[in-house]
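Each of the two complexes below includes subunit A, the first together with subunit B, the second together with subunit C.
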Partner chain A sequence: MAEISFPLPDLGEGLIEATVLEWLVSEGDQIERNQPLVEVETSKSAVELPSPQAGKVVKTYGEPGGKINVGEPLIVFEVADDTAGIVGTVPREEAPKRRVRLSALPDDED
Partner chain B sequence: MYKDNQEGTTMEMEPAGAAVNVVEMSMQQALNRALMETLERDPKTLVFGEDVGRLGGVFRITDGLQAKFGSDRVFDTPLAESGILGMSVGLAMAGWHSIPEVQFDGFAYPAINQIVCQIGRMNYRSRGIMPMPITLRVPSFGGIRAPEHHGESLEALFAHVPGLKVVSPSTPHEAYHQLKYAASRPDPVIFMEPKSRYWQKGEVDLDNAGERTGSAVVREGKHATLVAWGAMVSRCLQVAELAAEDGIELEVLDLRWLKPIDAEGLAASVSKTRRAVVVHEAPRTSGLGAEVAAIINERCFRTLRAPVERVTGFDVPYPSGDLEDEYIPNIDRILFGIQRVLEYRRG
Partner chain C sequence: MTVPEHQTVEGSDAQLHVEIHQPDEGTGPDGPTRPVLLLHGFASSSKLNWYDAGWLTALSGAGRRVITVDLPGHGRSGSPDELDAYAPSRMRADILQVLYDSHVRPFEEGNAASGVDLIGYSLGARLAWEFGATQPELVHRMVLGGPSTQDPLADFDLAGAQKYLADGTRMSDEQSYSLLKMAQMVPSNNIFSLLSMIEAIKSEPFTPSEAVPHMPMLLVAGEKDELAATMTDLAGLSPKAETLVLPARSHTNAVTSRAFKNAAIDFLAEHP
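Then we have the complex of A and B:
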């Protein structure tokens, strides 16, 4: 298994920090991609951050009321090794498909 | 398996079942283990590159190495491939064996000057005073739906450079032993890892490396030889399985070393089957298939029943993920190539 850490993303409008209002997942939870992770409040608004990926939550950073700077760790996931790459996909083994049949039988007489 | 006893006069059989040390693992695990053991064996060995330290590599090949060996021996570099390879040159001069990683094949281009003008030449230039013990790991070839620059097939480029050796493993067993072998050699080796095969599992015989140089016949047959390397070996084995349904017995030769090419192994197989199809992902023109065909011509001209067929990528930039199924030789294109050599008639 591999661990992947995600930082607090840039929430736009030049904001550099956010206050944790409420964690919507707990350490040990198995969660889906886009599932709401945490409600945070910036100086503009309160927003729910969706999960960037599926996985098991290993650690969350920040108690309710605490501040996190953009770019600092927010959450750590445990994922299967073969989904941990950051570029591309893992090819799935499929039964080979063919359309071409071989017809010429070799003539090796001489 | 036997072991010598101290008297030297009798051989003693080890208990059944304990002797064979065969483990099933993915190529990613095999490479990771090979690096682990190499770092343990040789304290003058270093592993470095983009994200190989703290993250453990984008393909997790260097996972856990920094925690075990420290950030002096396993470390992250700036995003600058010419610097990564330039540092390897300096380290080699100072007696270190470096195992740098270029994160993706397409990122090797910025390092070409160091690879061609320094790494390939320093031993020659210094009359053997400065060997370049550098094992450059390059996640290579396509098949993972990656964007541009993240899937390339650069073997012909590297093989053309005097002073370099080039190898590409096709299975976890090959990856494990070939990386350990390359990292124990004084020569610069370009180690092309087929990234689409990282997660497929296979048996690794940890104790029995087998022959490490030359090519390997991975399936025996008599009607034609399929020559391939890296990720194309498993595809050719699938093709051989399908051809057998039609009564055609194909031999599959894993070329393994792309520089130097095992001319004798090629000739031995093709002398038997009398027909050859070489398969690669790289563009056709001046691809390694041309070299393979030339060697077969030189050695087997009189026995050949058909011109050597090439089934390759096209003469276009290696495409990004959406188009790669149209580009990489697929089963039908390989079968067509076989059909052409089977039905060719002289005169």
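Then we have the complex of A and C:
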């Protein structure tokens, strides 16, 4: 098994920090990608962050009311070794199949 | 799905940005279901108030079809020049047009696809209250977030804001100044349209006792929401209103609350 850490993402418009309102997952939970993770509030608005990753939650950072800076750790997942990859890269998948071409002319490019 | 932008409308086109979202597959009952119309707050947008706050995910996951509309001068809607476009009465007429364009049909007892449910926040809650009162044949149930017996925008220092924007003269009213600063932080807002909306709201202030909606309503506000301090008084006007207070939440951060979303989804799913 491997661990992957995700930082608080850039929330746009020069916002540099966010306050944790409520965690929607707990350490030990097995969660799906895009499942709501946590509610945070910036100086502009409150947002619900979806999970960037499927896996088991190993650690969450920040209690309700606590501040986290953009780029600082937010959550750590445990995932199977072969899905871990390198943080910041797209997980390796099968080579994409050729798309159906709408052009009537044959095309030998690959 | 985006509703086609060119429709036949009475009067001038309101240039409102409307989106319709189908429920997640396998989540809803079989057959067509009644949609939920979401009405965002002042200086917000469908994106900020509903998408980013996680409402679309929650409602779609609960099997609900969702209609969002950006108010004039907000989000991706147009910013008409004429003041009339921002009047609450005109916005309600435009919302009615949006619902007819979205094939919403009057509510019939026992028909799960008929009528519409409403969720409104802040200014959207005011519009929903009035819309529910004037369109009882369409609205099935509604949830009003951060509601109040008065429209807080009616007290906004408009002259002060115009002076501040023109030459930076300090605004004396702190509440108006902080509202203006908040409105300016959202790049999709047209600040002059927002001031037009305030001007129009001042000419049509909220008088909830004048027309009380008769369908079941759930009123929800954060415990620390000063703008919704009169929520209980508002609920007292209707025999069918329930209230929910969200501990430790404010007017700004009540919108993401999981307890709010769950309560809204459960309340709208009840019958009749």
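Everything below uses one rule, namely that the second predicted complex is superposed on the first by the 85 of 110 C-alpha atoms of A that agree within 3 Å, B and C clash if a C-alpha of one lies under 4 Å from a C-alpha of the other, contacts with A are read in each partner's own complex, and residues count from 1 in each chain.
Heads up, the rule we're going with is that a contact is a pair of C-beta atoms (placed from the backbone, for glycine too) under 8 Å apart; a residue touches a chain by one contact, two chains touch by 3 or more.
Everything numeric in this text was worked out from a predicted model, so none of it was measured.
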First, second, both or neither for A:P36, with subunit B first and subunit C second: second
Touch count on subunit A, higher of subunit B and subunit C: B
Touching partner for A:A46 - first (subunit B), second (subunit C), both, neither: second
Subunit B versus subunit C as contact partner of A:E13, first or second or both or neither: second
Touched partner set for A:E22, first subunit B, second subunit C, both or neither: second
Partner subunit B, residues of subunit A touching it in the complex: 2, 81-82, 84-91, 93, 96-108
Footprint of subunit A on subunit B - complex, ascending: 26, 28, 56, 58-60, 63, 104, 143-147, 150-151, 195-196, 198-200, 223-224, 238-239, 241-243, 246-248, 274-275, 305, 321, 331-332, 335-336, 338-339, 342-343, 345
Subunit A-facing residues of subunit C, complex: 44, 48, 52-54, 57-58, 182, 185-187, 248-249, 252-258
Contact set on subunit A toward subunit C in their complex: 13, 21-22, 24, 34, 36, 39, 41, 43-48, 50, 64
